[in-house]
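Two complexes come next, and they have one chain in common, subunit A, joined by subunit B in the first and subunit C in the second.
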Partner chain A sequence: MKKKLQNSGLKAWLYLLPAILFLGIFMVYPLIDVFVYSFEEGYNSASQTYWGVGSYNYSYVLHDPYFLQAVKNTFLLVIITVPLSTGIALLISTGLCSIKPLRNLFQTIYFLPYVTNTLAVGLVFMILFKKTAYSDGFINLIISWFGGNSVDFIDGPYWAKMFVLCFYTIWVVMPFKILILTSALSSVNQEYYNAARVDGTSRFRIFMRITLPMIAPMIFYLIITGFIGAFKAYSDVVALFGTNLNAAEMNTIVGYVYDMLYGDSGGYPSYASAAAIILFAIVLTITCINLLISKKVRR
Partner chain B sequence: MEVILQNLTKKFPSRDRKNRKDVIAVNDFNFEIPDGKLIGLLGPSGCGKSTTLNLISGLLKPTSGKIFFGKDDVTDLPPENRGIGLVFQNYALYPHLTVRQNILFPLQNLKGKDKLSKSEMLKRAEDAAKLVQINELMERRPGELSGGQQQRVAIARALVKMPSVLLLDEPLSNLDARLRLQTREEIRRIQKETGITTIFVTHDQEEAMSISDLIVVMKEGIVQQIGKPQDVYDNPSNLFVAKFLGTPPINVFEGRIQNGQLYIGDNAVLHTGNVSDRKVYAGIRPEGFLLQDDGPLCCELGGMEVMGRDISVVSRNKASLNPAIRSIIGTDNKIDMSKTDIRFSLVPRKVFLFDRETEERIDFT
Partner chain C sequence: MDYTKIEKKARTHKRAGNIITYILLAFWAVIVLFPFYWMVLTSIKSYGAYNSEYIPKFYTLSPTLQNYADAFTAVSLGRYLLNTTIFTVVTTAVMMIVITLAAFAFARLEFRGKNIVFILFLSLMMIPNELVIITNFVTITNLDMRNSFPGLILPSITSVFYIYLLKENFEQIPDSLYYAAKVDGTSDLRYLLKVMVPMSKPTLITIAILKVIECWNSYVWPRLITDDERYFLVSNGIQEIRENGFGRENIPAMMAAVVVISVPLIVLFLVFRNKIMAGVARGGLKA
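Then we have the complex of A and B:
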C-alpha cells in the first residue's frame, strides 16, 4: 500500500513535469535572473561583467525624472481607466442583458473591437485625434462646431495626451469586460429575480442587493486583471505617441524598462532590471490588496 | 382569501419550425379555491400545473381568462401587488445573505404607508422563523443549511409579509424520502396555524393525497378532476385519473360487457347491472381483489412480495394492460406457491369501468 502511494506520487510529478519545466525556464528563472541583475552595478550583458554589488541601481532609477514621470503616467492611467472601464462595461452589459430584440447584434458590435486589428484601431484613432496638414481630426471638428478651440491631442498639452491614452485604453479593454460580465449576468439564476419580483423589489435594489453580489467574483477578477494589464501598458502608448516617449512625457514603467534596454539612451540592463523589479513589487502589492479587499467584501 | 380562476388559458408560441401550432399549457381552467384550504395541483410533468401556479402568482400573464382574489380582479396586477408568497422549487434563497437577511428582504421592500420600523421588521422576521422552527439558524447562510432547513427558510420568507395566498412549487421534490414525509406534515401544520389559502404543485400523488383538502388532477393543460383526495380516489372520473392515483397503481384490463356481466378474457367476473354491451377497460384497485379458491378471475401466479403489513401478490393475465397485476391482500391469507394459477373474486366498489374510446368512466350498479 505504501509503495503504491509513493508510486502514484511519482506519477503525479511526471504529469506535472512539462508545466514545471516550462514555467521554470520561462518564468521563474528569468525572474530570479532579473532580480540578481538589479543588484549588480554596471552589468554588461555582452561581456557578462559588473563592477560591484549594491542598491545603486535602485537609487539611480528612483531619482531619474524620466522614471518618476513614467510612474506618474502609469498610476494615472491605472486609476482612471480601471474603474471607468469596469463601470461602463457593467452598465453596457446590464443594458445588453435587459434588452431582448437585437441582443445578439449588439453583443457582436460590442465585441468587435476585441477581434479588430490593432493597426486598424490605430488608424481610427488617428482619424479621430491626429492633426494633419489636411484636417485637425474628427474630435477637433466637433469641438470647433461647438465654438471651442482645437486641441492638439497627440503633440499638445499633457492632459490632452493623457485623455487620448485613457480613452484608447478604456476602449480597447471594454469588449473583453463586456463579454465576461454579460455571461456572468446571464448565469444568475432567473429564480432569484422572480423571487425578488414577487416580493416587490425595486429594480435598483435588485441590482444592488442581488445582481452585484452574485457577479462580484467576476467583477473582482476584472478589476485585478485590469490593474495588472494597465500597469503593463506600453504598446498602446507607442502606437499613439511614437517611440520617443520620454520626450513626449508619456512614458510608462514598462516603456522605461524597454528604453533602458534597447532605446536610444539604452544599454543599461541593470537599471532596466531595477525598474522591472520595482514594477513587480507595485503590481504584487496592489494585487494582494485587491485580494484582501475582495475576501473581506465576500465575507 | 378565496382564489377564483375563470376560463384561465395560457398559450406559448411554438418553437418547433415544422409545427407552428401554439402549445396550450393551461386550457380553460375553471376553479374556485375556497378560503383557508390547502390545494394540491397534481399531474405528470408538463401538464401545466407549474404554469397555473405562475399565472396565479402573476409571473406569467394569461392568454385569456381571469383570476380573482376574493372580489378583486388581479389578472392584470403585477406579482408584487397581489399579496402572494411564493416558494420556489429550488428555494431561490439569496446565497450571499444570512437567513435573517433573507427573511427580512421582502419587508425591506415595503414602501409608503406599509413601511415598517426596524424593530417591527426584526420582530416579524423572528416570528416567521419561529413558525417554521428555524430561529436558531438566523445568522447562517443558505449554503450552510440542509435541504429541509433551506425549505423552511424559503417558507418563512414567503410568509413574513403575511400574504393572502401562499404558493408552493414542488416544495418537496428536492428532499430525501424521510425529510419529505416530515416536511409535508410541517407544511400542513403551518397552513393550519396561519389559515392562509395555500396552493401547492406536485407530481407525487401520495404527497398531494396526504395533506391536501382538495386535489386538482391535470393532464395536458386540462383539468381532469377536482375533489377531496379520498373522493377522487374512490370515484375517478376517467382512466387517466384512476391510473394516476394510488400506489401500487390500479390494474387495468381489457374487458367487455355482455348480458350485464363484465368479462375479462373468458371469465365473467362481475355483474354490471344496466350497462349495455360494449368493449371497456376495467380498472381494479390492488385492494379490490379477494382470494377465493373458486373465484371468477383466474390469473397466472407470478410471485409474492411481503411488505409486513400486507402481502402483494404478483400475477399475470393476458387481458391485463399492466405487465404484472398487483393485488394487496392481508397477511392472514395463505398462498400456495406451488400452484400455477390463482383465483380472485372482486370487490365491486373497487372496480371501475371506462369506455374504450373516450376513456370516460361508466357507472354501473
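Then we have the complex of A and C:
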C-alpha cells in the first residue's frame, strides 16, 4: 500500500512537470531576476558585466524627464478613464436591464470591441481623429457642424491627444464592464424591487437604496481591475500615436519600460527593471487602498 | 379624480422613461459600431476617391475591392495572417495539454505538498506580465530564439488562471467514477482522456476560445521578440503597414488590411457568442 501511494505521488509530479517547468523558467526565475537587474549598476547587455550594486537605477529613472512625463500621462489616464467608464457602464447596464426587446442585440453589439485587435481598431480611431493636409477628418467635421474650430487630435496639442487616448481607452474597456454589471444587476433578487414598488418608492430611490448597495462588490471589483488595467496602458497608445511615444509626449510607464528594453533607446534592462518595479509598487499600493476603502464602505 | 386618469399618467411616464433608455442605448451602440462601419466604408473607397474628399463622405457609390488586392500584394498581409494562425493554433494546443495535466494532478491525484504547491501556483496570478517580460526577453535572446516560433510561443503556454478554472471543473466530476475506473484497471491517463476531458468539454472549449482571442491580439511580446518581417504577427504587421507600408497616405488599403485582420475574430465571436461572454464574465480579463 505504501509503495502504491509513493508511486501515485511521483506520477502527480510528472503530470505537474510541464506546468512547473514553464512557470519556473518564465515566471519565478524572471521575478527574482528583475530585482537583481534593478540593483546592478551600469549593467552592459553586450558584455553582461556591471560595476556595482545599489539604487542608482531607481534614482536615474526617477529623475528621467521621459519617465516623469510617462507617470503624468498614466495617472491622468487612470484618473479620467476609470470613474468615467465605470459610471457610463453602470448607466448603460441599468438601461439594458430595464428593457426586453432588442436586449440581446444591444448586448452583442456592446461586446464587439472586446474581440477586436486593439492595434487594428486603434488605426481606425487615428484616422477618424486625424487632421491632414487633404482632409480635416471625421471628428473635425462634426466639430464644425457645431461651429467649433478644427483640431489635430493626433499630432496637435497635449489635451487633444489626451482626449483621444481617454476616449479610445473607454471604448476598449467598456465591453468587460457592461458584461460584469449586467450580470450583477440581473442577479439582484426581484422581491426587493416588488416590495419597494408596493411602498410606492420612486425609481431613483430604488436605484440608490437597493440596486447600488446590492451590486457594490462588483463595482469595487471593476474599479480595482480598472485601475490595474489603466496603469498598464500601452498597446492602445501605440495604436493611436505610433511607436515613438516619447516624441509624441504620450508615453506611459509600461511604454517607458519597453523603450528602455528594446528599440532605438533600448539596451538598458536595469533601468527597465527599476521602472517596472516602481510601476508594480504603485499598482500594489493603489490596490491595497482600494481594498481598504471597499471594506470600510461595506461595513 | 378618477382611476383611469392616474393609470394613464403613470403609463405615459413609463413610456417616456423607456424611450429615453432606448435612445441612450442606441447612442452607445452607434459609438461602438461606427468605427467598424468607417473601416469597411473606407476600405471599399478607391484611393483617388478617398483622397479627393476634403469633407469625408458617409457612403460610396463606386465600391471597389482593389484595396483588398493591394493589401495582399503590396505588403505581406498573407504572411502575417499565416504566422498568426500558426502561433495561435500551436500556443493554444500546447497550453491545453499543459493545463489539463496540471489541473488533473491538483483535482484528482494525492501527493505530499499538494496544498502548498497549489497556493504557490495561485500566488503567481498576482505577478504582472510587465515584471517578468524583461528577463524573458533576455532569456529568449540568449537562447538565440529571437525571430523564431519557439521564441514567440514558449513564454505563453502556461496560465495559472486557466489551471485554476479547469481544476474547479474537474473536481465536480463525482469520485465514484474514478473508483469504478480504478476497479476496472483503467490507468490514470486513460481515465483523464476518456472520462474527465469529455465531461469538461464546455469549459475546455471556453478556455481555448479565450486563449485564441488573446493570441490573435497579442502585441507586446511579439514586438519585443521579432524584428524580422518574416515572423511578424498581425498586430506588428499592422504597425509596420502604418509606419512603412503602402506609402503613408494609402489609407483605404490600410483599412482593407484592418478589415481582414478583424473579420476572423468577429466571426468566431458571433458563432460562440454565449460561450465567450460567459467565459469572460467568469473572470477572463483582457491580457
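Operating definition for what follows: the second predicted complex is superposed on the first by the 261 of 299 C-alpha atoms of A that agree within 3 Å, B and C clash if a C-alpha of one lies under 4 Å from a C-alpha of the other, contacts with A are read in each partner's own complex, and residues count from 1 in each chain.
The rule is short, and it goes like this: contacts are C-beta pairs under 8 Å (C-beta built on N, C-alpha and C of every residue); 3 or more make two chains touch, one makes a residue touch a chain.
The structure displayed is predicted, hence computed values, not measured ones.
By the touch criterion defined above, A:Leu77 reaches neither subunit B nor subunit C. When the two structures are aligned on the shared chain, A:Val164 is found in touch with neither subunit B nor subunit C.
Contacts of A:Val151 after superposition: neither subunit B nor subunit C is touched.
Here subunit B and subunit C are compared by how many residues of subunit A each touches, and C touches more. By the touch criterion defined above, A:Leu245 reaches neither subunit B nor subunit C. When the shared chain is aligned, subunit B comes close enough to touch A:Arg205, but subunit C does not. In the superposition on chain A, no contact is made by A:Val61 with either subunit B or subunit C.
In the superposed model, A:Glu191 lies in contact with subunit B only, and not with subunit C. By the touch criterion stated above, A:Ala120 is placed in contact with subunit C alone, subunit B being left untouched. In the superposition on chain A, no subunit A position is in contact with subunit B in one complex as well as with subunit C in the other. Only residues 5, 8-9, 11-13, 15-16, 18-19, 22-23, 25-31, 33-34, 37, 45, 88, 91-92, 95-96, 98-99, 102, 106-121, 123-125, 127-128, 132, 134-138, 141, 171, 174, 176, 179-180, 183, 203, 225, 228-229, 232, 234-235, 238, 242-243, 254, 257-258, 261-262, 269, 272-273, 276-277, 279-280, 283 of subunit A touch subunit C when the two sit together in their complex. The part of subunit A that touches subunit B in the complex is made up of residues 189, 191-192, 194-202, 205, 209-210, 213-214, 216, 298. Of all the residues in subunit C, the ones that touch subunit A in their complex are 17-18, 21-22, 24-25, 28-29, 31-33, 35-36, 38-39, 42, 51, 53-56, 97-99, 101-102, 104-106, 109-112, 114, 117, 121, 124, 127-128, 130-139, 154-155, 157-158, 160, 163, 188, 213, 216-217, 219-220, 223-224, 234-235, 238-239, 242-243, 249, 251, 254-255, 257-258, 261-262, 265-266, 268-270, 273, 276-277, 280-281, 285-286.
Within the complex formed with subunit A, the residues of subunit B that make contact are 57-59, 78-81, 84-86, 88, 90, 92, 94, 96-97, 105-106, 109-110, 157, 161.
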